[in-house]
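Labels A, B, C, D, E, F, G and H are assigned to the chains in the order they are written; within every chain, residues are numbered from 1.
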Amino acid sequence: MNWTVYLSGEIHTNWREQIKQGAESHGLAINFISAVTDHEASDAAGDLLGSEDSNYWRDHKSAKVNAIRNRVLVEKCDIAVVRFGDKYKQWNAAFDAGYLAALGKPYITLHDEAIIHPLKEVDAAAMAWATTPEQVVEILLYTISQK
Amino acid sequence: MNWTVYLSGEIHTNWREQIKQGAESHGLAINFISAVTDHEASDAAGDLLGSEDSNYWRDHKSAKVNAIRNRVLVEKCDIAVVRFGDKYKQWNAAFDAGYLAALGKPYITLHDEAIIHPLKEVDAAAMAWATTPEQVVEILLYTISQK
Amino acid sequence: MNWTVYLSGEIHTNWREQIKQGAESHGLAINFISAVTDHEASDAAGDLLGSEDSNYWRDHKSAKVNAIRNRVLVEKCDIAVVRFGDKYKQWNAAFDAGYLAALGKPYITLHDEAIIHPLKEVDAAAMAWATTPEQVVEILLYTISQK
Amino acid sequence: MNWTVYLSGEIHTNWREQIKQGAESHGLAINFISAVTDHEASDAAGDLLGSEDSNYWRDHKSAKVNAIRNRVLVEKCDIAVVRFGDKYKQWNAAFDAGYLAALGKPYITLHDEAIIHPLKEVDAAAMAWATTPEQVVEILLYTISQK
Amino acid sequence: MNWTVYLSGEIHTNWREQIKQGAESHGLAINFISAVTDHEASDAAGDLLGSEDSNYWRDHKSAKVNAIRNRVLVEKCDIAVVRFGDKYKQWNAAFDAGYLAALGKPYITLHDEAIIHPLKEVDAAAMAWATTPEQVVEILLYTISQK
Amino acid sequence: MNWTVYLSGEIHTNWREQIKQGAESHGLAINFISAVTDHEASDAAGDLLGSEDSNYWRDHKSAKVNAIRNRVLVEKCDIAVVRFGDKYKQWNAAFDAGYLAALGKPYITLHDEAIIHPLKEVDAAAMAWATTPEQVVEILLYTISQK
Amino acid sequence: MNWTVYLSGEIHTNWREQIKQGAESHGLAINFISAVTDHEASDAAGDLLGSEDSNYWRDHKSAKVNAIRNRVLVEKCDIAVVRFGDKYKQWNAAFDAGYLAALGKPYITLHDEAIIHPLKEVDAAAMAWATTPEQVVEILLYTISQK
Amino acid sequence: MNWTVYLSGEIHTNWREQIKQGAESHGLAINFISAVTDHEASDAAGDLLGSEDSNYWRDHKSAKVNAIRNRVLVEKCDIAVVRFGDKYKQWNAAFDAGYLAALGKPYITLHDEAIIHPLKEVDAAAMAWATTPEQVVEILLYTISQK
């Protein structure tokens, strides 16, 4: 059986790479998928359709172009990991978590202890809360390989 | 036809009251529903089931007790208003927005211009972005009463 | 049992009034619902949220504000009537028909013989094709009152 | 991951070929699917089941035979492109858009600026509006290949 | 709580009346709904939309007009009773049973012992098989009133 | 807003009455619904359809007649309480919990500490675990009345 | 793209073979699936679980064992062909048609002109009515191969 | 066509191996999937995320980590076998059965005659009740291979 894991959220640290490498080192056959993680490219996703004077509409167009990808990935994944860093608002990550919860897709949150309280609703709908990419890898290893 | 409007998000300003009063002043027959907005009561929602040593589990229990109400409200509403203030993480509001989007329920965001950029994914899935409770009332008035 | 009938499409003739009066004259207990039919009001639905320089974004905002109402009505109706007149593109009516078809809601088309060919896909998913409001009333009368 | 893209709408210009060639020139692994685009064959799709005296029933039969294919394609696609040309009613394209919207499938509209206004409801539910096949290819390239 | 019971199938005996009277005699608050049971009216349901030369299209039009009602009833009912008599093909009753099964709606079949074998697939998806209207009434009484 | 609460599980103690009385003493407007709780009546639910020699088929018929009611109640409830006592297998209660979980309906489990371990999967999908009917009443009070 | 076609209904003539051979002769890559068509094997499907004294329960057990296969096939197919012969009740075929209709799966009916009237509801929900296996093959050829 | 069969329930006897070997001996191409069956590993599934003082939370964490796998398997399977042994509460097996029933997935129960009565609700929603792994293999053989 193939497993598809959607990696959602923070784009400023290399947690995605750590999870992918960890999974690879265990020989796990996982298809990792992810939103665009190049911040500038993501913000400019809609620019190819013409420039905008208003910040709101520029953001709007880019967010929708990004959503083409993200909606498909959310529908296709078996499991998701939703990562919250210690900076920025990261409302898109919480939005993804809500979307996943409504679809009944199991997800794991990945965040520090310092932000337990503001994430309590997001964690309440999660299947696990991890604090390190290694823990996520261990959960994936257990989920996929344990007899 | 009765309309049920779910008011989600920020609990530190009186935006809910302003919308309710505005709707009432126009004679709109709206059933407004909302998560618990008493911050202390909300944080303590799970305490009646026994105290917890760990902050994580106290938050977890309370968030789940609150979710009993919130899941039902999200399913029952016709329209939602999701409010983001200028303080706090408010990930629960973004979570609600994602949940609503997945269910195909139309929602209006209510927030200042200053946070357009971090809310671009949440706004992209919304039907309207308002900056004042009065605008929300006008949208509801139009939606419900316009011939 | 109460019946809710959504009247979608053309806004330049009084077909909605004819159906409502016909239903009333037969004493049918139908809750008729409809998109905003005041053309100017509909085009200006988003203006209350601020003016736009670009025609595209003005239309976009208004169409989304109107969609708040229309999505709820489409979900709430039992039956729909989708009317195509002999002028204008009326893509919103065909869009509604596709949405209704995907939800499995039965709808009746109302249009002249002259436009059978371009409407063949819309008619193919309909439960009936009527050419006059009187016929629609007769179908509703049969549907609701026939023993 | 494989992507399936449904190309819906206008059949009188070669926009489908342009998109396919553009995708191929970028090495994108896309499975393009489409309704029957041979106009005569499409109109005659039901003739094999016997001839009809009435234009309505001939169209009806053909539209339904075509719907066998189109319903399956709409369900199978990840993304759709819905093209509106400057001629004809093209209600089938708007019908497809409504169907896609109800299923929550992201779609891109492809049309000229001249028809922004009548397409505002269709565009409001779209994830992007493109004016050239090249822009569509760029969106697909970004969606599928951007890191 | 109100219960809505859809009575589907045979129209040549008075089993519907027997069930309604039995329910009434027990004071059960049931909203009974039903397809049109006047055979001639049902066959002629589409005639108001114009006459047809071909039997197939006359039947087709009438069956679709009847489907407006039946689809709504199937969606609205809590429970259904599907009756098979000893005459005629009654494929519409079996069609209704399949539709109900796919929606997960519990239904009771009502038929004689003589047709157990051809009805085995329909019975296998049913919640009960009754041979008399009195038994159906007893099941409804138990379902609604038993403590 | 009206709330419908389904009380599932153990039938040998009066926990249902305690919850109903507690809710009433707080003036909560709750519509409590429940499977048949008269053990003998429940076991004999199918007997009206004829006696059976085999225990298996007698149980089968009765379980299906009971399912007519229970499926409707599970679909209609907003919230459920699933009670596990200290005796008997009570697989029907766990079955209900799984059904509720799949539908995304929030439920509260009610059981002693002694059976935490075997109920861990059922509790993991629950929104709260209560040990007394009074706690359930408090949760309902909070859910419905807290501002 | 692979197509899966479910062949449902009559088992006493070789229409399935004709369709398969026709498809093969055109080089169509279709995965044909079907209920068990060996009448005796089908009637005895449940016998391996123990014999039954009652005809009803023997049929019941066998019909349910067969349903394991049929439910999966109905869910997996893209298109179905539902065949009605001139003998027997064939309620299982009409049941399948209702199930397919509720799932929104396009199906083709295959039957003689003589039984148009009793099949009008089944045909009304179908996408095409064919009278010969050759016509079905032509529809499949058109659906899958036409440009 | 590939078949995926989910083996749920009892972990203290080798019934899973018997079914797998039986299927293999018949050359059936079945993808068998299963929850973690190593009791200690399953109980400790959440330990990698940190130790807990409370038994409840340790069980809770582990049950949720296990649910990541089990939810995906339940969604992916075509058919399930739910096994109840003669020891332990096995509420997780009944929970799985309820979840499967709500999704409309056909399942087979596997248990001794001695526990027919307490399993009557679980059996009522099943497609077959087997008492030996050999019978399950025979059902799978019939389901997959019978012409």
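The rule we apply is simple: contacts are C-beta pairs under 8 Å (C-beta built on N, C-alpha and C of every residue); 3 or more make two chains touch, one makes a residue touch a chain.
Note that this is a predicted model, so its numbers are computed, not measured.
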**Q.** Selected pair, out of F-H, G-H or A-H, that shares over half of its residue contact pairs with C-D
**A.** F-H
(Q) Among all chains, whose Cα centre is located farthest from the one for subunit B? (A) G
Q: For the copies subunit G and subunit H, give the interface type as same if over half of its residue numbers appear on both sides, and as different if under half do.
A: different
Q | Whole-Å gap separating subunit B and subunit G, where each centre is the average of the chain's CA atoms | A | 49
Q.
On a C-alpha centroid basis, what's the spacing between subunit E and subunit G, in Å?
A. 23
Q: Round to the nearest whole Å and give the separation of the Cα centres of subunit B and subunit F.
A: 30
Q) Which residues of subunit A are in contact with two or more other chains? A) 64, 67, 102, 104, 129
**Q.** Residue ranges of subunit E touching subunit G (in the complex, touch as defined)
**A.** 55-56, 59-60, 62-64, 66-67, 70, 84, 88-103, 113, 115-125, 129
**Q.** Contacting residues of subunit H [partner subunit G, same complex]
**A.** 1, 3, 78-79, 104, 106, 108, 127-131, 135, 138-139, 142-144, 146-147
**Q.** Residue ranges of subunit D touching subunit G (in the complex, touch as defined)
**A.** 4, 31, 33, 36-38, 41, 45-46, 48-49, 61, 64-65, 67-69, 71-72, 75-76
